[in-house]
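Have a look at the structure below before the remarks.
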Amino acid sequence: MQVDLNSDLGEGFGAYAITDDAALLDIVSSANLACGLHAGDPEIMARVFALAKAKGVSVGAHPGFPDLWGFGRRRIPFTTGEIERLVAYQVGAAQGMAAYAGHRVSYVKAHGALSNMAEESAEVAAAIARAVKAVDARLPILAGPLGAQAQATRAAGLTPIAEIFADRAYTEAGLLVPRGQPGAVITDPDEAAARVVAMVKAGAIITASGTPLPTEIGSICVHGDSAHAVETARRVRARLEDEGISIVPFA
Amino acid sequence: MQVDLNSDLGEGFGAYAITDDAALLDIVSSANLACGLHAGDPEIMARVFALAKAKGVSVGAHPGFPDLWGFGRRRIPFTTGEIERLVAYQVGAAQGMAAYAGHRVSYVKAHGALSNMAEESAEVAAAIARAVKAVDARLPILAGPLGAQAQATRAAGLTPIAEIFADRAYTEAGLLVPRGQPGAVITDPDEAAARVVAMVKAGAIITASGTPLPTEIGSICVHGDSAHAVETARRVRARLEDEGISIVPFA
Amino acid sequence: MQVDLNSDLGEGFGAYAITDDAALLDIVSSANLACGLHAGDPEIMARVFALAKAKGVSVGAHPGFPDLWGFGRRRIPFTTGEIERLVAYQVGAAQGMAAYAGHRVSYVKAHGALSNMAEESAEVAAAIARAVKAVDARLPILAGPLGAQAQATRAAGLTPIAEIFADRAYTEAGLLVPRGQPGAVITDPDEAAARVVAMVKAGAIITASGTPLPTEIGSICVHGDSAHAVETARRVRARLEDEGISIVPFA
Amino acid sequence: MQVDLNSDLGEGFGAYAITDDAALLDIVSSANLACGLHAGDPEIMARVFALAKAKGVSVGAHPGFPDLWGFGRRRIPFTTGEIERLVAYQVGAAQGMAAYAGHRVSYVKAHGALSNMAEESAEVAAAIARAVKAVDARLPILAGPLGAQAQATRAAGLTPIAEIFADRAYTEAGLLVPRGQPGAVITDPDEAAARVVAMVKAGAIITASGTPLPTEIGSICVHGDSAHAVETARRVRARLEDEGISIVPFA
């Protein structure tokens, strides 16, 4: 049995850093790499691609809104056409940096507000899918198994990879409990690790009430930008391996 | 007999415009497209790629320094490593937008201060060549026939395309007379057109004193951002065609 | 009888220009000056302040969202606290540039999406008023006479100046007919001028159906960024002066 | 006996942080506050001003080049006129945020490459002084006692405040040993603290060879962005107080 472990990396900019890229690249099998618009720059992109290559980690383009100040977390009212072009630009830029660093872009995962909007809106999700399809139709897209993006990705003829979050609670509909609600975020690394193991073994999202919602699970996201990111990622990996589940890139 | 006619296009940003892209795309055979760092954004890039495709115009990536305020004309002291990565990023982004718009990137031409530095410095020119080679080694690079960049490009195993400027005077060494010196810039469209015809027919750069310096001429640059840009480009093309010289993309 | 004529100026950025600042400064009595976040930079700000000073034109800070790409026209979901601080920053920057150029900031007018939001939302309008009050409580704020901003400005103890638009139709409620609806924008310079004269003489907004809604009119806005901006502004001024109405800054 | 202790603060941007502002504001008497061009944004500026006010810490505007990616450390070839306007803009913006937060701007200190250039070039230093004089001629300027900036500041009729660095070695001419040379940076907090005490008590810069160069010392800079910044600042302050030297803002 195997599963992928992904994390957002390379989210610095110039002198700024947020994620401990070197430490996380020793733990995850897939790295979602910021492409320079909400975070990231050619320097950090080249470093992460090169390090990921050396460690056998797959890299995905992680496009976001052009909002460095807001770290891509503000829902800026772009049209779906603008979103298509923002995504195409960033995937292309990531491919250029990958080629430069001797690695490749293996998938796409939307960042922050763009991701949240794609999980809710079939139109936004379809715009992302059109952009990916135009630039490289072989790239799969990481998305929640029960949201709008997985559906739109499949409808566009692309491959969605079902992703669950290690540190987030799920509603009875299988969506993320919104941040800010009690229990939405799981801060205890051991609890997060235990939940992941339970969900992977059950082949299901386990909701806040304990109900299993059967789904494929292609990848587990561990956040890279929280205080205990590295520790949580390490525990999740260790617990999965203890259960005989290998950590292997999905692409 | 044939030659290419190139111009910098797509140099707007959001609500801002500088170049009359639609008019110039009816005249030139190659369009140097700003990649979003000194000018350009995904919207204008998509529009220019699509229009160029429709009109049979080749498009080159036109990378510059990340200096929108300075329009890429400030010599920012980047290291050669940073320059490599800046160029790789922009060529990749242009390829992404080309794929999105159903067209392709056919060559690379450095912009503004980056270009000036590459014409003078073998190290800067080599950095650009390394970046292009890593991203797509088939792409030729537009460069002055007698400057450092053509040499470095060839040394890197890439193809330089010799470019002359329609509206600039040349020193006896075959380099551009620096802007600001008397006679450096040719503002009369007819004079510019006549000079181009003379140089193409002679197969030589003609210096300020009238001396011909024999060289290949692969492409003629007409500037897109001056007041009489469209008119000059039109005259240059008309005069060349009058002489039986076809305007054909080099790549 | 007298009235103020205002226009948005200084909306360039680096090599980019949109407004014909020199021509408009010969026509208007008040110039709304972009402060560097949605448009404008220290160079153009210094030039406009100096030229306005020389021509006896008052200058207002014209703060907008930090969205150069969107020219401040995207409704970015900033909190009211963030809006307060964005406005305080920009008014301060404008005051610094005014002092540098030997002029002063005489009022504040919100730009684009920020202005639209302030006309609709008492909370946004109050945030702007708090910022202006903190930085310089003597500064009046230009606002539509019948929208949320005039009310919130007054409630904050600041002075709203009632502004009407020369080139826009009004609903029966005295609000702008949204762009995109038929007749929303008046493109004929003579028609715009005639409407302005009629409204100023009537002391009323005249709605699309011809109903006069009595209101103070402190200033008339002529847009600076349209194709016929200078011509429209000139006609509006000429027609007002023909009627014996002087063009005088309100502050 | 008393001296001022200053540190660069507020050097974050959006989600990014570099300096531990809250901790440093408990130690220093003056905070140099980034103004949004090389670092900083209205949010962090408002927070630092408010916290500094609450803790009785003076705040200086800390203008730098508009180069967020380079953190203001790249020597961008701006003209002296552009530098004047960049500084005026940033000092004004800082004053706006100070007014908003109920505090005030008490002095100016140039950042990074701008500071380095001002210490070497009388023209750059004079440009900064002209800007400060225009915006608020009462503001003193922090500068090295033996460099070009102190002289140019005095020549402009403004007050230079002599600043020494706690963690940097000095040449026999009293200038900073360039980073990269052996011994240029003092990383041991105790050594830094001991040096500061020796220099303040001697009223002299002590060069690498141990020679005292007598000078006024108005302020001591402790860097805020190094790994041991807070610890070094704390030791410097403690050692000075142990010697009966009070830490008091100079302005």
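Going by the order they are written in, the chains are A, B, C and D; count residues from 1 in each one.
Operating definition for what follows: contacts are C-beta pairs under 8 Å (C-beta built on N, C-alpha and C of every residue); 3 or more make two chains touch, one makes a residue touch a chain.
Just so you know, these numbers come straight off a predicted model, no measurement behind them.
When the contact pairs of A-B are matched by residue number against C-D, B-C or A-C, more than half turn up again in C-D. A comparison of the A-D and C-D interfaces places the larger number of contacting C-beta pairs at C-D.
Note: centroid distance subunit C to subunit D, computed from Cα atoms, is 39 Å. Inter-chain centre distance (subunit B to subunit D, centres taken as mean C-alpha positions): 44 Å. Across the assembly, subunit D contributes 69-70 as residues in contact with two or more other chains. With chains as nodes and touching pairs as edges, the resulting graph is complete, every pair of chains being joined.
In the complex of the two chains, the subunit A residues touching subunit C come out as 66, 69-70, 74-78. Subunit A meets subunit D in the complex at residues 12-16, 18, 41, 68-71, 73. Interface residues of subunit C, counted against subunit D in their complex, comprise 36, 42-43, 45-46, 82, 84-86, 88-100, 102, 131, 134-136.
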